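Just passing along the structure, written as structure tokens.
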Amino acid sequence: MLSIDLPAAFGFMPNVVAQLGTFEIPQGLNLENILVYSPLQHDLISHLLTLGVGAMAVGFVYFLTTKRQSAPAYQPSSVLSAIVMVSAFLILFRQLQGWQSAFAFDGEVWRLTDSTFSNGYRYLNWSIDVPCLLTQMLFVVNVTPAKFRKTRTRFVASGLLMIYTGYIGQYFELTSIPWFMLWGFISTIFYVYILYLVGNLIFRSREGLPRPAYNTMGTIWWVILISWTLYPLAYLVPLGWQFFPEWGGWAGVTRQFLFTVADIFSKVIYGVLLTSAAQACSVEAGY
Amino acid sequence: MLSIDLPAAFGFMPNVVAQLGTFEIPQGLNLENILVYSPLQHDLISHLLTLGVGAMAVGFVYFLTTKRQSAPAYQPSSVLSAIVMVSAFLILFRQLQGWQSAFAFDGEVWRLTDSTFSNGYRYLNWSIDVPCLLTQMLFVVNVTPAKFRKTRTRFVASGLLMIYTGYIGQYFELTSIPWFMLWGFISTIFYVYILYLVGNLIFRSREGLPRPAYNTMGTIWWVILISWTLYPLAYLVPLGWQFFPEWGGWAGVTRQFLFTVADIFSKVIYGVLLTSAAQACSVEAGY
Amino acid sequence: MLSIDLPAAFGFMPNVVAQLGTFEIPQGLNLENILVYSPLQHDLISHLLTLGVGAMAVGFVYFLTTKRQSAPAYQPSSVLSAIVMVSAFLILFRQLQGWQSAFAFDGEVWRLTDSTFSNGYRYLNWSIDVPCLLTQMLFVVNVTPAKFRKTRTRFVASGLLMIYTGYIGQYFELTSIPWFMLWGFISTIFYVYILYLVGNLIFRSREGLPRPAYNTMGTIWWVILISWTLYPLAYLVPLGWQFFPEWGGWAGVTRQFLFTVADIFSKVIYGVLLTSAAQACSVEAGY
Amino acid sequence: MLSIDLPAAFGFMPNVVAQLGTFEIPQGLNLENILVYSPLQHDLISHLLTLGVGAMAVGFVYFLTTKRQSAPAYQPSSVLSAIVMVSAFLILFRQLQGWQSAFAFDGEVWRLTDSTFSNGYRYLNWSIDVPCLLTQMLFVVNVTPAKFRKTRTRFVASGLLMIYTGYIGQYFELTSIPWFMLWGFISTIFYVYILYLVGNLIFRSREGLPRPAYNTMGTIWWVILISWTLYPLAYLVPLGWQFFPEWGGWAGVTRQFLFTVADIFSKVIYGVLLTSAAQACSVEAGY
Amino acid sequence: MLSIDLPAAFGFMPNVVAQLGTFEIPQGLNLENILVYSPLQHDLISHLLTLGVGAMAVGFVYFLTTKRQSAPAYQPSSVLSAIVMVSAFLILFRQLQGWQSAFAFDGEVWRLTDSTFSNGYRYLNWSIDVPCLLTQMLFVVNVTPAKFRKTRTRFVASGLLMIYTGYIGQYFELTSIPWFMLWGFISTIFYVYILYLVGNLIFRSREGLPRPAYNTMGTIWWVILISWTLYPLAYLVPLGWQFFPEWGGWAGVTRQFLFTVADIFSKVIYGVLLTSAAQACSVEAGY
């Protein structure tokens, strides 16, 4: 267990240290656990997580019931979306339960109980979702089998490396800014590479697609670009909080808000768009 | 955390203040949490929420098993109803659990524990349901693809604006009547616009429909008009309670009663009526 | 909250009053909560509720997997049975959970905790089940579409009135015998009317049916008559207990026993019989 | 509540009485509750119950996915197995939960909390499973419709009588050996009669079956004979414990071990064997 | 309950004894329970178990939705994978719940509550999974029915013996190294025999397979060899900890890490590879 080394690392933020007093932050704790929340803040997070859970359940029903409306060649895209829904439903349900058992209301604010809240569940879970989401696209655009395999391998490898390096980094979010930033930086390299791969794929391989699918692929690019970028922003929230500790419980709200919006766009909306592109291709192919 | 500013805002209701004494209501708490409940009142709410949960489960089975009885063009209506059922089932289950863990029986009345009850889950969840419910109608009435897309966009946009403004407003229900009323008013503007869109759609586009479907669409208009209006009434309950604080736990009962009746009519009954209209159209179309 | 007014109402039962001492029964509490239970009694109720839960789950699988064995015209009967199973499964699961959290074992007997047990869940849930169960029959017997609609309306209306008046009445079971009896009486009027409708329907409309279905409809009459009558008997248990307070925990056992037997016969056995009648009709119709 | 009357009944076992001291065992408690468990013993039971839960879930998937591999005449056997799986899954899950909430670890041993463990759930649940398991066989062997109906009635009647008499008996396992033995004896009479019916059925009606099915029916006989006999052995555990109280927590382990092995063989293995016999018959019938 | 006899057995490790002080370890407790965990360590284990749960859920959807893409002869492989997913999902969910209720956070570290964590659930569950996983392979490679049956019998028998001897051994992991090592050794004999059988099967029977399936079978061999070997490594963790007690909570993390990686590779990845081999064979067979 490390004492909080922020001042040593950056030489500023005396107010953080003041607020925390002599309290030593044990290694691995997430920011959410050292904050207190007004009912407004606490409920907002509960509502957001519950919205996420509902969105994934709803997405699951949608992807399963519309699978048959695409030609067989495109159906793996629906299956992969359904898989992502199952996985994200479980993880968000876990986050919600964790949130509810980690804090208790004392009539004024919500304070930590003998349980904690952790964002790390999400990271390990992305090891399932990110490979699925990226691979999924390959079933809709026009690629040769060889390119399919090659791109898939790159997607999976760089996706996992991005996630695992970020996962390590987030353990330092309260106890060591340098390590936190270093791992975040390494993760970002893989992230940029993935964006490069995706952009390349979309803008090169959508050529053969029918008009509506062609356009949809363009929208998908923006959906990915924006929604994926919310994850590193959520990662950075503890840094922002150390600059503005008066941010208080709103820091927690911001992070869960970013995660929820990112989850809904990068998984559900993305999947719906890809399905609609697949349907356009199926119509064109006379299905 | 704000102290309760009602007297400042309206200059009346000394009895509320008296009852609350020096207790400061923390921002964001819902009315339900500052009331105590007789067993009769507490159980009534439990029963109502459980009825809602059951109705959604039952609706889910109904919409899935009857989907095939409509022609393919109308089946998205059943899928959307099924989706709404899943989403509402989850949210009502959450409300029920929240209700049960937020209060404990002391041999006389039920009092708040170290957990709270929140209505806000519902609002965020409506962001899923309202777009689905409104879009659903478009699959049954006679509209051109262009009108379909245009109306859908308006439905989704005004629906989300109605919900999110109301969501903000409900956080002020105990701490600031002016803000509470202002956001409620803005929300109502969008609500009225939605009703206008719906009325227009129903009474213009049902023309081509076979007789029974034509009539059912008329019934649907009234179901929507009445059941949707129960939601703003539920929103207003804390205002009523401040005029008649002796209303006590019955205020909580009234709100959950309004929500439950509204949920059953605007989701289940509405979906059943739309399905029956779709079946009438399918028969006419020789399916 | 009312003090117990039984002596005022009837002028007898001093022993009840003696047992309760100065304890004031809060309005709306069910009899089960003011009793203590030996392990034998407590477990019996747990077992019965669990049996009910299992029976509904099992029925659900049965009705879904045998649906296709009836001709399409009869399949709505299976769907309605499946719906009833889902609804009853949820409610009985809730009863079981409520039972388990409402009492704790002190090494000798089970005593009330800071939670309570309530039968009222059942009533509100019957608003789903009773209309389904009655309507279901109309798909199997021989009725004209006009008679179908007319009878269905009567079934639903009188069913709901029977339930809601009984629901009001049960809230008085410990605090006011006169109101308890009055509402029970009104409920019984609707009950008798439903029996009249059912008898009429069965004995008039089974004429056209093939032999085995004709006979089964006769059995169904008796199953309904007897099993439905167990519900008002369960309703009356608190009255019996006031005459024989030494009945103690067995009063609770009796009520849950009556409910469970009634549930299994009026929902599962009834549905199985109706399915077998429908299959006989399907065979006759050459399906 | 009775004080323990064992010495009065048999005039021996002073050591039991010594161990229990002045503690009066309340009527209806199962043996498991008056024992303490080492971590080894406690975990063994948890593992066994969890194994049972897993076996039933796995069986459910198996019977549903292999149903179509038998000719339609044999498919009811798969449906009945699936039903038994659902029912047993629920009951074993309940046992597991009950086990986990009934005891707490004090750093040395597991001791009773304010909840208890009960085996009686199983008995009431057998009222669903035993009729299904016995009836199931009739769909595979060669019987006339008349014999089918007659045997089924006998199976159901004697099965229920065996179970309910045993259920009564087990309530006396700690408080009255004579009653315990009497009801156990009556139950055994029905058990022997069932075995007679089953043996008769198998060895007379397997004649027409193809070779592999013929052999499998023989195996089934032994599976039933042995696995069913484990249930009365589990019933007798408390008697054994009174002779050897130093058996301690191992008595509880033994009972749950017997129940789990019996459940897996009499439900899952039995169902798999019957399915394989049905498949052999289907192949022979050219399906 | 045994006092810890390690020094007696090996004559070393005074530091372990020192750390444990006079504390007597009750028989059957797993290593995880006598350690304390930093938030980092505790969360890592929670994340890993949750990842496992998600992977099994996702695998279940995958195997069910892709079943039809193999020729009927290979479909039992998909069914068996689905069965393994169900079983492993339940067990890992149990592990996760057990983990969460066994420890509480005191602001610094997580300490044992009045519940415990146990790895033994896994072993009993392997009695379901190992036979399924091994048998599954036989549906894909080229074997005669006779060889199929013979190999299956050997697989099941040696699999169960490996598991049950290991299960016994793990109960001694804290209280008797000699017994722990002895049972582990016996288990390893069966393990080596299974590896021999598997290697033999793969390298002899893949001859007839089409090229891609032939190659995949080679990969499968390595996946099995490596992932299965992680289980005995996890078994040995308590031994390692006794040499390096300063390993502390990381010993627990290592064990759950090994189990999770092993579970994902030996069940999900293995199943996916086998499915792809089956699809290659199906294509070759003109399906």
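We just call them A, B, C, D and E in the order they show up, numbering each chain from 1.
Just so it is clear, contacts are C-beta pairs under 8 Å (C-beta built on N, C-alpha and C of every residue); 3 or more make two chains touch, one makes a residue touch a chain.
A quick note: this is a predicted structure, and the numbers were derived from the prediction, not measured.
When the CA atoms of chain D are superposed on those of chain E, the rotation angle is 70 degrees to the nearest 5.
Distance between chain C and chain D, defined via averaged C-alpha coordinates, is recorded as 30 Å.
If each chain is reduced to the centroid of its CA atoms, chain B and chain D end up 48 Å from each other. Residue positions of chain D with contacts to 2 or more other chains are absent. Following neighbour contacts from chain B out to chain C and onward until the ring closes gives B, C, D, E, A. Those residues of chain E that touch chain D in the shared complex are 1, 24, 26-29, 33, 79, 82-83, 86-87, 90-91, 94, 114-116, 118, 120-121, 123-125, 127-128, 171. For chain B in complex with chain C, the residues that touch the partner chain are 38-44, 46-48, 50-51, 53-55, 57-58, 61-62, 65-66, 100, 104-109.
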